[in-house]
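This is the structure I have questions about; it appears just below.
A, B, C and D are the chain letters, set down in written order, and residue numbers restart from 1 in every chain.
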């Protein structure tokens, strides 16, 4: 096998996200990076995983990397293709989704997400896509994984708009409310960025778990808008294998459109 | 063509019911006699009529007389076969049904129907099938036609149980309530029996419209549990044509199972 | 089937053998009778012969339903004997009855499948049904346009559905009348799928829009040819209307009913024996000529 | 198409051109632009390029939606220019925005189609969406288990759907992603069905489970091959992802957007001219190899 270029930060992010899916059964896939991470996981750590696309596909078996959330390749060869009413009602709200993948323009320390606007809602500085399925995914998927690039603009102390609830103001309140209101899910468990991997502590607050090769703790801290909780010793995220990089570069994203 | 036997009272009932469907577009079909009446109408006065079966079929095109409400012959060659959720939600409740056909063990002067019990509900003398789709058909079909044999046991002054609402206690109250509660339908318009045809007057009370050949006014009155409204001159129900009788005897009910 | 029933249907369970006239799993009903399950709550839009037989065999304590009859024939006499005090045999008790309309029963499964607290519908107004079933209630619209009726979710312990085909993973495909099988299966805690044919997954994946229930929610897949007789399976065999009429005579007489259960259920070890007892010629007579659907193209996108 | 739009789409109407990524009737959108409809309320789960173009052409005064973007590419720049005050051109006004989540939008169509006063769902809790959309409200369960969120019915004046095939009577069949076309069509006062192929009714009746919308509710059937381009039709042609990326560049520049509308919409008399301008070879390049569904048997019961 020829010499491989070292992993880019996007590749590190995708590989770390894929590895976080090890052993998961039913995953609700988003477009872009989550799409690549999930398809990489299915080819590596989670071959038995069922891919669910909000467009109405269960058990997708894409022959190429889907270029949009509704790419025809997710339909052909899938186990079931259903109406969106069935997908959101029977599969998501019905409690059949183990992991939902979300991203966003802004995330706070409790994993609450903003995909709606930057600035004031009525007169936004930047109009973002909005919820799509994110709001109900955040509430009904048993577990939420977040994948997004980190910067002081995206990792903020206060969201401009809360599109999708995470651990709200903290785990205790969140757990009670989720139980009382009969939410199907327990909220965000993992956040993967281009620099590091985060979990959530018992207070539902984001906590640094590992730093990607090539990134530094200072860099991580300087790109987060709050004082991130950091253990005494932060391990390094295990490097991607040659096979993981080959899959991304040759099969999943040959044109480099996403990674 | 060979000599035909004269029409039986059941045949008179079926033919009168079929003729009442002239020009109707979408008809919700029941089992038994309504089934034969509707299929006769489609072959005679209402060729353009779409047959809807509560089992989940729209635009049925049965190659034989369906022997049950879910006979496979109503599916093969139909325009659309759908879930019962769609049939009751999108087609019936959605307001797409012009005529619903109902029968019952008991009917009162306002066209309210009982298909649940004879006697006390908790300890019935006779347990009947229950509502099936009748209750929501009575509420949502734009118009209701009733077909049933008449006797003092079936045409009663007081129902043992009101399964399906007709004109309730009278048209004025009924119309107001149907409007206020957003019911889709205006209630019963025609009742066809083995002896006569009835309509409803502006008070929503049943009124004699015509008497079948061979039946008498005395016979009609003596088989109704209340003083039936009767116009000065009651016309005779037009006799079945040879072709109508041939269709019933040779095509729709060759074994005479129903008529 | 023996293992599937033993593993997933227990005394006291709420069981839904669904299928509106079409694809009713009599094979499962008979195995439940053979295994002598007791105190079952039997949920079904149209109890049909399968529940009349299960009630006659003493499996049931309660019915949840919307139409109680022998479709196209008349009454379910075994159930009526447990419903009408005058007909009740010595030592027998009345069945508990929980009664809805068709839309209401469908709605109960939908609410259960969608994990909703209730299902709103336009029915029951001015009917006596809500008076005898306190679970049929009204809900106030938050848009100021008054009240509408509602039914609560129904989540059976086990749903049993029959269909034309599934793969080994339990991905079920069905055509013809769909009834409320999808909704009942998604609402249930456990699902048993009984099929006429087990096909390779490639057959399922060639036409994903035909899948009504994914293997994900199926606990057991049972291959049971003619498992829906005397009901029918679209394209495979016709409804045995003669038997539906015959049952009317049998079921009027408790002794004849007992004798029938002995000959056709207890004395047979399984469905295969039932099918063999009728003989191949009998089922050949119920097989319709072909009416192919035609082919559509999904396109190979790579 | 010209007649269908002229007859059924009027200034001020609420229009739903539905289709989730799949089967989006760009042909209808372009004809509406050509006929210079104004003050439309455009409802769609995912406004996509078709609404970006209609907004750029000045047809719209309001959007009702759940996800606003160029799927797989980025933003809808024409719509953003009517949404962000800093980007608003002189004389332009901000678009009215009524915003939901995907499940909420689906639910609005379902409530409209089922003639229900509201659709209950498990979403919106602790989200800011209800704060900015007062139509997202809570409803109290009549079973004592608290409140759940609800959305009101949506009944568009006209729904426009695209599909693989229909017969002359407008019985529409579709496979692949079904989106919410069935629900939107049943909710609408008028329905325009646009299809790749008009088939004999016998083709429809050979596979009745594939019918998503019956002719009964269809006001106009339009035969428009490649009418969904640059979106796709399962089995017929692929999504023109290159154009979706190209539009990102074009739509960033109001002048380029105007020029594109002139060349590809105003200066062309109809969809046939649009297809001819691309040329047969271009569409051949978007056509996938075959992936047949296989045949099932409905049985000939007589």
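Keep in mind that, in the parts below, a contact is a pair of C-beta atoms (placed from the backbone, for glycine too) under 8 Å apart; a residue touches a chain by one contact, two chains touch by 3 or more.
Everything quoted here is computed from the prediction, not taken from an experiment.
Under the contact definition, chain A and chain D share the contacting chains C. One finds 38 Å separating the Cα centroids of chain C and chain D.
Note: centroid distance chain A to chain C, computed from Cα atoms, is 41 Å.
Chain A and chain B have centres, each the mean of its CA atoms, that are 58 Å apart. In chain C, 115-117, 121-122, 145-146, 175-176, 178, 182, 206, 209, 234, 238, 288, 291, 298-301 are the positions where the chain touches two or more neighbouring chains simultaneously. In chain A, the positions touching at least two other chains are 57, 71-72, 75-77, 81-82, 89, 93, 182, 184. In terms of inter-chain touching, the protein chains here follow a pattern that is not a line, ring, star or complete graph. Pairs of chains meeting the touch criterion are A-C, A-D, B-C, B-D, C-D.
Taken together, the chain D residues at the contact with chain B in this complex read 113-117, 169, 171, 182, 186, 201, 204-206, 208-209, 211, 214-217, 298-302. The residues of chain B lying in touch with chain C in their complex are 31-32, 54-57, 67-72, 75-77, 81-85, 88-89, 92-93, 116, 121-136, 139-140, 161-165, 168, 177, 180-184.
Chain C meets chain D in the complex at residues 115-118, 120-122, 137-143, 145-146, 148, 150, 152, 164, 175-176, 178, 203, 206-207, 209-210, 234-236, 238, 288-301. Within the complex formed with chain D, the residues of chain B that make contact are 25-26, 50, 57-59, 61, 63-64, 71-73, 75-82, 86, 89-90, 93-96, 182, 184.
Per the touch definition, chain D reaches chain A in the complex via residues 20-22, 45-46, 65-69, 71-72, 75, 79-80, 83-86, 94, 99-103, 106, 110, 121-129, 132, 145-146, 175-180, 182-183, 232, 234, 238-239, 241, 244, 288, 291.
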